[in-house]
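One chain, chain A, appears in both complexes that follow, with chain B as partner in the first and chain C in the second.
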Partner chain A sequence: MKKYFIATFDNEFDLKEATVEYRENKLKIMDAFTPYAVHGLDEAMGLKPSRLTKLCFLFGFTGFILALVGQYWISAVNWPINIGGKPWNSLPAFLPVIFEVTVLFAGLGTVFSLLVISRLRPGKVPKQFSTRVTDDHFLMVLSDKKGVLNEKLAESISIKHNALKWKLEGESE
Partner chain B sequence: MDLNVNLDKKPVLSENVEKWLMGFIFVGLVILVGGLFLTPERIWSNILLNGIFLTALGFCGIMFVAIHYVANSGWDVVIRRVPEAMFKILPFGFAFMIAIAIGVGYLYEWSHPEVMQNDLLLKGKIAWLNPTAFSIRMVLYFVFWIIVGKKIISHSLKQDKTGDVRHSVLNQRWSAFFLYIGGIFFVGSSFDWIMSLEPHWFSTIFGMYNFSGMFTSGLAVMIILLVYLRKRGIFGKFLKDDHLFELGRYLFAFTTFWGYIWFCQHMLIWYANIPEETVYYIKRNIGVYTSLMVLNVCLNWVFPFVILLFKKTKRDGKFLVIASLFVIAGRWTDLYLMIFPSKYKTPVFGVIEIGMFLGAIALFLLIFFKAFSKSAPIPKKDPFLEESKALHT
Partner chain C sequence: MLVKGKKNMAENIITIRENLVGGNKTLSKVTDDVLGVMERKPTKLWWFGFIIALTALGTGFIAVVYQVRTGIGTWGLNKTVGWAFDITNFVFWVGIGHAGTLISAILFLFRQKWRTSINRSAEAMTIFAVMCAGIFPLIHMGRPWLAHWALPYPNFRGPLWVNFRSPLAWDVFAISTYLIISAVFWYIGMIPDLATVRDRVTNKFKKFIFNFLSLGWDGSSRTWHRYETVYGLLAGLATPLVVSVHTIVSFDFATSSIPGWHTTTFPPYFVSGAVFSGFAMVLTLMLIARKTLKLEDYITRKHVDNMTKVIILTGGIVTLSYATEFFMAWYSGNGYEQFVFINRALGPFAWAYWIMLSINLIVPQFFWFKKLRRNLIIVFILSLFINVGMWFERFVIIVTSLHRDFLPSSWAMYKPSIIEIGTLVGSFGLFFTLFLLFIRFMPMISIGEIKSVLHYKGSHGGKK
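Our next item is the complex of A and B:
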């Protein structure tokens, strides 16, 4: 049995302040749901900086090396063709293609790794706690892997920060 | 936040520093005057280089302000007084360039009518390339930039007193006007002042190439000044790492843009291999100039790119200043490579170049700090001030 504690706020400032206090009281934050990207919420939740940037660099670098070596091998080793009297290994002519392949690898690689990391696939039904987070509600969902949750504490913090409502929700696994 | 304390504090250069700056300007002037008798051509080339450098800083200041007005952006309000003060160097750039218009004979081949008449290719360009038209265009460019720029800044300063939103609305219109016409004039100015040094050669991307150099050097100077002013506590809590981060991203993006444009011009000419175009690069790929070309790309793109690749370095004043110094050195090298190879088969470098560049920078700093301390360090009644203070990246 997995338990969720869902607190609803009507503005981002209350949500942010409450988030800081939940975290200070060692309550496990599952996620926050907001109508728009709230600046500073990631810091309040204590999220680590995204690791996607490193992946992006790695993908881009792979593309860079692949395009460089590939073009060199094709036009200087495997099938040399004289184009306009230029040397076979013409780095300036390779650069635009290197640039494009780097961008292509970095872009597609990052998007697909995002989908894999966040387990998004076509036809996936997301768990929705409230449909009003797409309109005017700000949700903070607390949960613990073991289903242990100090409900009283969570409730008192929510009241303190003007939560509109709060509830407990169970989910059988 | 403590509004009053921070806003009344004014940055005044200590007299000691002012004396040093005056000293550098004086040394620059001595070199200029002395050199005019010994090696006039070299001095004129240096006047052109430094004149364009200073003009670009002033132009970048007002353009930065105008772009953010037009884009309706809020984050830049806290730092806006810095580019506004940078604009004050533009009249001095005008003075440098007026001098060029007077000494046109030393620099520009096309200023001699007999040369133009006897050259089949240059004959067709007489209507555009002659000293009278050159001077008229130069005055037109500068008068437009300075008058419209002053208009924008005066509205911004008036808003400090009245807090009227109308000033922001009017400034948006003036800024759009400035960007349209002033941008075209900037492209024209780089064709006129630099590209015509070699009147046979032409490149349509040259205006864009100079624009990128102007913007990167302006941003670099802005970042250094902001980091310094923040250290002096001028902005208090108003200027956060987030503002530096925005500027760092600007610098990162536009150094890459510079690299892109530089490569565009280089590769297309290299690939097409048309004699009338390749002359430009042949002159710059001989002897020591070749290594200067490599240095140019490293200073303007490779070093800043590697330094600013990370989020942490883009938010850190120290790294930003290091990258900015590379970019400023790169801008000098870039201008040097545009101007000097048209006159000298081998590079000339010495006391004259260093002294005059330092003098120009000292002049800029003196003017900047004088202008900056005249008004409140941030536009305290701008409607976007709250948004700028709350900037979070």
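Our next item is the complex of A and C:
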């Protein structure tokens, strides 16, 4: 049986301050749910910078190599055609396509990675603690994973930071 | 005394700063306001616009079917003027698209918070404009069902690959990459708002559709964290992309040896012209949307004000380009180049040249005056003028450079046929039909982003 402590706030400032305090008191944060990207919440929660930037570079680099080698192979190896006496390997003329393919690969690859890592896919029905998260509520969900959930402590911190409401929810596995 | 004065000034700055969103909105009020547009029955004004747009689209459809069945001979082209109306429309529409990416990506990187109310619809405009642009080269192929031959893929025709040294092949890559990345950027930006719609609608069918489209978004801060990273990366990718697209479009001309086209100023000239015309179109659309959908609190006078200032800047660059072209023609000492420019201003197409010059040079100057910037009717009319002026710029560049050949016996004139005009009307029909459907069925303002800047003024004024 998993246990969740769910506190609801009505603004980002209370949520951020409460988050800092939950963490200071060694309460395990499962996740926070917000209607928009709250700046500073990632730091408050101690989230590391996303590694998607590195993936983006890798995808872009793949596109770069593919376009460079591909154009060379097509124009100079597989079927060389004399066009206005230009050299088989017209590298400067290949740059625009190299650039476009790099951007295309980097963009699509990054978005695809985001969907995979965040487990987003068409038609998925999300498990929501409250549907008002996509409207005007800010949720903080604490879990008892790896330890005991100190409800009393969580409650007092929530009250201190003007939580609208809080509740304990169980989920059988 | 001095210190006191300084303090007063600081206070004044804080009070002068306008809120990005008018009215005292709460978070749920923003949701209600934006989604209310989708939930209400469309206004009469919307239906009026939609029927006109649909009629134009129908006209274009007939014209396209006719010319594809009959052939490109239905156009007014001849041996000398082999490129005219369709490429003018192509460049015009691609240019329109550029403002959308500028607002969504470049202003995002510059942390211009005012972009939040208009970026979604400007991005939609980009996608629709690029779709309109794509139609023209497709038709010009004559056999649009063989359009895939423009892509490099293993085939049994040799294998016959595309010529990567040709700017037209670059164009295929640039435009399709631009369309794909813009569409992805737009859709990714819309996912959180689609989830808001999902959690709000009661209709089972709508719930299914929006559940499908929102990809199971739950507002998790871990996802938001990654999402923000990806959004920033896409903005960073889209910024050089948008510059590259019109640069490559300008290469279609600049890499040729036609006097009037063969110049190195073309890339910056085209890019600034694209932003100039695109912002005029954004203004046209936003002023319509603002009025018909009653979104005055979101698309405020400040937005209009900022956009007109961008128009002043880009209009200035365009005018400078006109002057540079003339100067370079004279300075180059090249007789052919000089002839083309004198012929532009005084030749048979002088009327088009002077329409272009008078509009693009004079109209932006009105925006220096705050009184005129604040009068939305005047801004609307001026934005329409710029759209016309920039269409003529492309027409002038393309047709006047071609109609006087190196060989005087080949000199010819160009007049668009009714089929070509019908196609242009149809492209406007497609553009406005899609845009009107978009503002009706999708959240046209980025709810999530608006909510995040709701307290923008407050956070700068020291109040939380």
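In the analysis below, the second predicted complex is superposed on the first by the 169 of 173 C-alpha atoms of A that agree within 3 Å, B and C clash if a C-alpha of one lies under 4 Å from a C-alpha of the other, contacts with A are read in each partner's own complex, and residues count from 1 in each chain.
We take it that a residue touches a chain if its C-beta (ideal position, glycine included) is under 8 Å from a C-beta of that chain, and two chains touch if they have at least 3 such contacts.
What you see is a predicted model; the values in this text were computed from it and never measured.
Enquirer: State whether chain B and chain C clash or fit side by side on chain A once the two structures are superposed.
Expert: Overlaying the two complexes on chain A (C-alpha atoms) leaves chain C and chain B clashing.
Enquirer: On the A-aligned overlay, A:His39 touches which partner chain: chain B = first, chain C = second, or both, or neither?
Expert: Both partners, chain B and chain C.
Enquirer: First (chain B), second (chain C), both or neither: which does A:Gln71 touch?
Expert: Touch partner of A:Gln71: chain C, not chain B.
Enquirer: Quick one: is A:Phe61 in contact with chain B, with chain C, with both, or with neither? Answer first, second, both or neither.
Expert: So A:Phe61 meets neither chain B nor chain C here.
Enquirer: Just chain B (first), just chain C (second), both, or neither: which does A:Val97 touch?
Expert: In the superposition, A:Val97 contacts chain C only.
Enquirer: With the two structures laid over each other on chain A, which partner does A:Trp88 touch: chain B (first), chain C (second), both, or neither?
Expert: The answer is neither, since A:Trp88 touches no partner chain.
Enquirer: In the superposed arrangement, which partner chain does A:Ala106 touch: chain B (first), chain C (second), both, or neither?
Expert: second
Enquirer: Specify the partner with more touching residues on chain A, choosing between chain B and chain C.
Expert: After superposing on chain A, more of chain A is contacted by C.
Enquirer: Across the two complexes, what residues of chain A are contacted by chain B and by chain C?
Expert: 39, 49, 53, 84, 86, 93, 96.
Enquirer: Name, in rising order, each residue of chain C that touches chain A in their complex.
Expert: So the residues of chain C touching chain A come out as 26-28, 31, 152, 158-161, 163-165, 167, 169-170, 173-174, 177, 180-181, 184-185, 188, 191-192, 195-196, 198-200, 211-213, 215-230, 233-234, 237-238, 240-241, 244, 248, 251, 448-449, 451-452, 464.
Enquirer: Which chain A residues qualify as touching chain B in the complex?
Expert: 39-40, 49, 53, 84-86, 92-93, 95-96
Enquirer: Please give the residue numbers of chain A that touch chain C in the complex, ascending.
Expert: Interface residues on the chain A side: 13, 31-39, 41-42, 45, 47, 49-50, 52-53, 56, 60, 70-71, 74-75, 78-79, 81, 83-84, 86, 90, 93-94, 96-97, 99-101, 103-104, 106-108, 110-111, 114-115, 117-128, 131-136, 139.
Enquirer: Can you list the chain B residues touching chain A in their complex?
Expert: 263, 266-267, 270-271, 273, 311, 390, 392
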